[in-house]
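Two complexes, one shared chain (chain A), two partners (chain B, chain C).
Presenting the complex of A and B:
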């Protein structure tokens, strides 16, 4: 069935789904119509527009069935390990054990959005001392308390130190409610002194060797903790193989990003690109399926580019987006206003770059962890963003603040000023709450004005 | 060729008819905003056309701007007020580098490049602090007509310190200040200073001269002087500041037809 690329509402997807099934669409076990997720409570899906490809259908179904998958893992005898805050490093260690699966409780920050606030997670968090002055990740506390959104993990691992203050508070509250956490320290990345030996990291950062050594020790302790839980040692070859697997997936992802951000016409929507990027943190509890879905998406994207087809007008403004949005609808809104995604920095660039080849796998992971853009200064992050802007040819930047997130209070102005001074690109700062409907006119004005500015600048 | 620009703002609907050949405004009009925005805008549009012996068919192109722009379906297309204010200001003030635009519900600083095009902009967040609505609330609370705020502020001997973060908190502060015996003059001057500080903080001090002040709040006496006092440089009120956005829309409509 040869159908032009398009974005569909949930109800339009019903008809599309019937057509695909009639044409013989084969789906994995988690397949099915998207509408069922909305009927089961993910009401926000009814406000979104989705890519019409089978690959996108698989992506959404995969994302929205993680809870079922976790329960199945538990039924199969696997330990569920909650890997919190580090955004990508510890899951690699966890998934190296055959009988463990990494889970990312932080992801609950999107539950209030998906459920359109009907699930009461913020209210529970507030009852436990985390009100709206904290980042939406406080929803995680509510999910641990009511136990309705994911199976409570068998063990929790969380980084502290150079990490988001709000997250630390939320994680500490989870621990105080009876969920023990194995804490490890993430150092603030600093410039090496002239007398120190230094190392080059994957995101273009430089750090002292001392910090790599420190992180390696931290990761070794995590490994020992996991070995204790598993009741056996982890052979370094298992970890090396897992790093190779992860790198393979990251290379597929990088191809997807490179093609989507540089194609003359946007071959895939911003919303799907956001979701794919999020998968890279923890593979949604199934690495093999993640790889399968990414392959399917990459194939679809290549076909569309070869056919000179896309989902948006060719003159869409090329926007670089900083920070993930609490309300998924904001990504659709960007496109409705005439923009397309051409570059992202969603807080975890270190989970997207191939991990450095190193004889010692823990040292390789230490390099990855220290490449975390949030573990250094906002100036470091601004430079990383600037490099990506040059790579993808972005024409303007949206810095999206997360309400209550402590890092957003200070970084926006630094990043904005750095980009304006060094790249002379227009930048706007917006704040996207969990449900942005009442704020939409204001958001829309900002995005439309930015896009008008881009299009005016194109004129000679 | 006549074009129309309609600025559906939060407090008023402003309209400009523009003669493209003569590069001159044919006429302009405004009315208060209301619940049925499109109906009100159409009524104003037709009245203005009648007054000038014109019919809708005589209008080559029309552009809507302002926060209610998407509701005006009778217009050909829309542009944001940021782009329209830049175009409107450029018509009157070619050398402008910065535009301060304070309307009923938002405030903006628009920076222009050397070609009178928008270089970038900053806008206030969700709070009404720093907007015309703040001044309205204060005027009501202190029982002072809006057009007398400037005169009252001029009599201040020591402007009160007012929060620039939140209108609700600021209103509470004002109640407290009144209870503590602070004069109305000092409170009004404090509020004007608060609005100015909020906008200059939002702009992170990057406000190059020449600076042009537009929007309804530019008409309130004392605001220009309050900006000049903080910025330490002259601020010029745009010609017909309340109509700058509508004029810009009409000019952009004109460009769309001649391009």
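Presenting the complex of A and C:
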């Protein structure tokens, strides 16, 4: 069935789904029509536009069935390990154990958006002292209290130190609710002095050697903690193999990004690209399925590019987006305003880059952990963004502030000024709340102004 | 001697002195608060940056990573052309690994300071006594005994608070952020000779109470221990706008078997609403 690439509403997807099934679409166990998720409470889906490919269908179904998957893992006797805040490192260690699976309770920050705030997580968080002055990650506290959005993990591991204050406070509240946490210390990544031993990291950062040594010790303690939970030791070869698997998936992901961000016509929507990127943090609790979906998406994207097909006009402004959005709809809005996603920095670049090929797998993971953009200065992050902008040829930058987040007010200003001074690109800062509907006119105006500026700058 | 400004209890002033420089603990005045207006930025951070801008003679400054906002303040300082700044990584866990990490950070800080003063630290000059614990004056029984936490609570705020308490209440335990280094243990002269960085790191990191320390119950345990030796009728928590950590503490305090808590978000000068709440609090305490 040769269907042109397009974006569909949820109801349009019903018809498309019926067509695909009639044409013999094979789906994994978590497959089915997207509408069922909305009927089960994910109301925000009704406001979104989705890519019409089977690969995108699999992607969405995979994302929206993680809770079922976790419950099945538990039923199968696996331990569920809640990894918190580090965004990518500890799950690799956890998933190296056959009988453990990692997931991020942090992901609950999107639940109020998906449920259009009908689930009451923010209200519960407020009852436990975390009001709207905290970033949407406070929803995690509500999810631990009502136990309705993920199975309560068998153990929790959380990074602290060079992290945001909101998360540190929210995680502490989780612990005070009776969920013990294994805390590990993430140092602020410092620029090494000329006299000290330093290491180059994967995202282009440099750090002092002693910070790597410290992180290796921290990761070793996490490994010992997990071994105690598992009742057996982890052979380093298992971890080495896991790192190879992760690097393989990351390679597919980077191919997807490179193709999508540089194609003359956008072959895939911003929303799907955001979701794919999010999968890279912990593979949505199933690494094999993540690889399968990424392969399917990559194949679809290649076909579209070869056919010179896409989903947006060829003149769409190429926008680099900084920070994840609390409201998924913001990605659709960017496209409605005439933009397309051409570069992202969603705070976990360290989960996308290849993990260093090091004899000692824990040292390799220490390198990865210290490459976290949030662990360093705003200048480090601005330079990382600049490297990606050059790689993808982005024409403008949107810095999307996360409401209440401790880092956004200062970091956004610095990154904005740095980009303007060094790359002479137009930059806007916007704040995207969990449900942006009432802010839509102002967000739209600002995005349209940016895109108009981009198009004006193209004129000779 | 070049002044070295800092505003965090985990900065060892002894190390600054040992490097031949003059430690200066920052204390905001009311005008600094008036300048603190940026949405989303903690007023304690912004007053610090404002206060630094007012300096007319050369100085150095130590920022710390104790909270994310202060960590970012170092970025803002640099972005605005600030010179002679150092960011000290203060761990929030307190185990042996954290002490080792902090010791290495102090070594880096000493190199930074030594570069400014042109000589290395003279560790044998370090005073190993415990910090001077300011004893509270004997209180009339009629006055409510108050423990003060939160902050940092600057002198202008403290004076305004004491003025507001008048003769109905008195602060008998000051555990505000800029006062807690008084609770640090004395330095061990022998350990200081063996490895001064490790000894300073251990003394500061493991005995100065902080709400940022994880696990968080350590702070509440410390507070409860203090309240067993210093009886108080009520606790006043002063927090700055946009400070997540102290905002997060308020609820937890109320869940614990502690004296009544009054939380005031105070941006410098006493506000009518804050004073009214203080009045009500004192009334509630029977004063």
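Methods note: the second predicted complex is superposed on the first by the 460 of 460 C-alpha atoms of A that agree within 3 Å, B and C clash if a C-alpha of one lies under 4 Å from a C-alpha of the other, contacts with A are read in each partner's own complex, and residues count from 1 in each chain.
Assume a residue touches a chain if its C-beta (ideal position, glycine included) is under 8 Å from a C-beta of that chain, and two chains touch if they have at least 3 such contacts.
This structure is a prediction, so every number in the text was calculated from the model and none was measured.
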item	value
Which of chain B and chain C A:183 touches, first, second, both or neither	second
Dominant toucher of chain A (residue count), chain B or chain C	C
Chain B versus chain C as contact partner of A:442, first or second or both or neither	first
Touched partner set for A:80, first chain B, second chain C, both or neither	neither
Partner chain(s) touched by A:94 [first = chain B, second = chain C, both, neither]	neither
Which of chain B and chain C A:280 touches, first, second, both or neither	neither
Contacts of A:428 with chain B and chain C, given as first, second, both or neither	first
Which of chain B and chain C A:452 touches, first, second, both or neither	first
Partner chain in contact with A:125 - chain B first, chain C second, else both or neither	neither
Which of chain B and chain C A:417 touches, first, second, both or neither	both
Shared chain A contacts, counted only where both chain B and chain C touch the same residue	413, 417
Complex interface listing, chain A residues touching chain B	413, 417, 420, 426-429, 431, 439, 441-442, 445-446, 448-449, 452-453, 456-457
In the complex, chain A residues that touch chain C	128-130, 133-134, 160-166, 168-170, 172-173, 175-176, 181, 183-185, 187-188, 190, 193, 195-196, 210-211, 214, 217-218, 221, 377-379, 401, 406-411, 413-414, 417
Residues of chain B touching chain A in the complex	67, 79-83, 106, 117-123, 125-126, 204
Touching residues on chain C, where the partner in the complex is chain A	38-41, 65, 67-69, 71-76, 78-79, 87, 89, 91-93, 97-98, 100-101, 104, 108, 111, 212, 214-217, 242, 244-245, 247-248, 250-252, 255
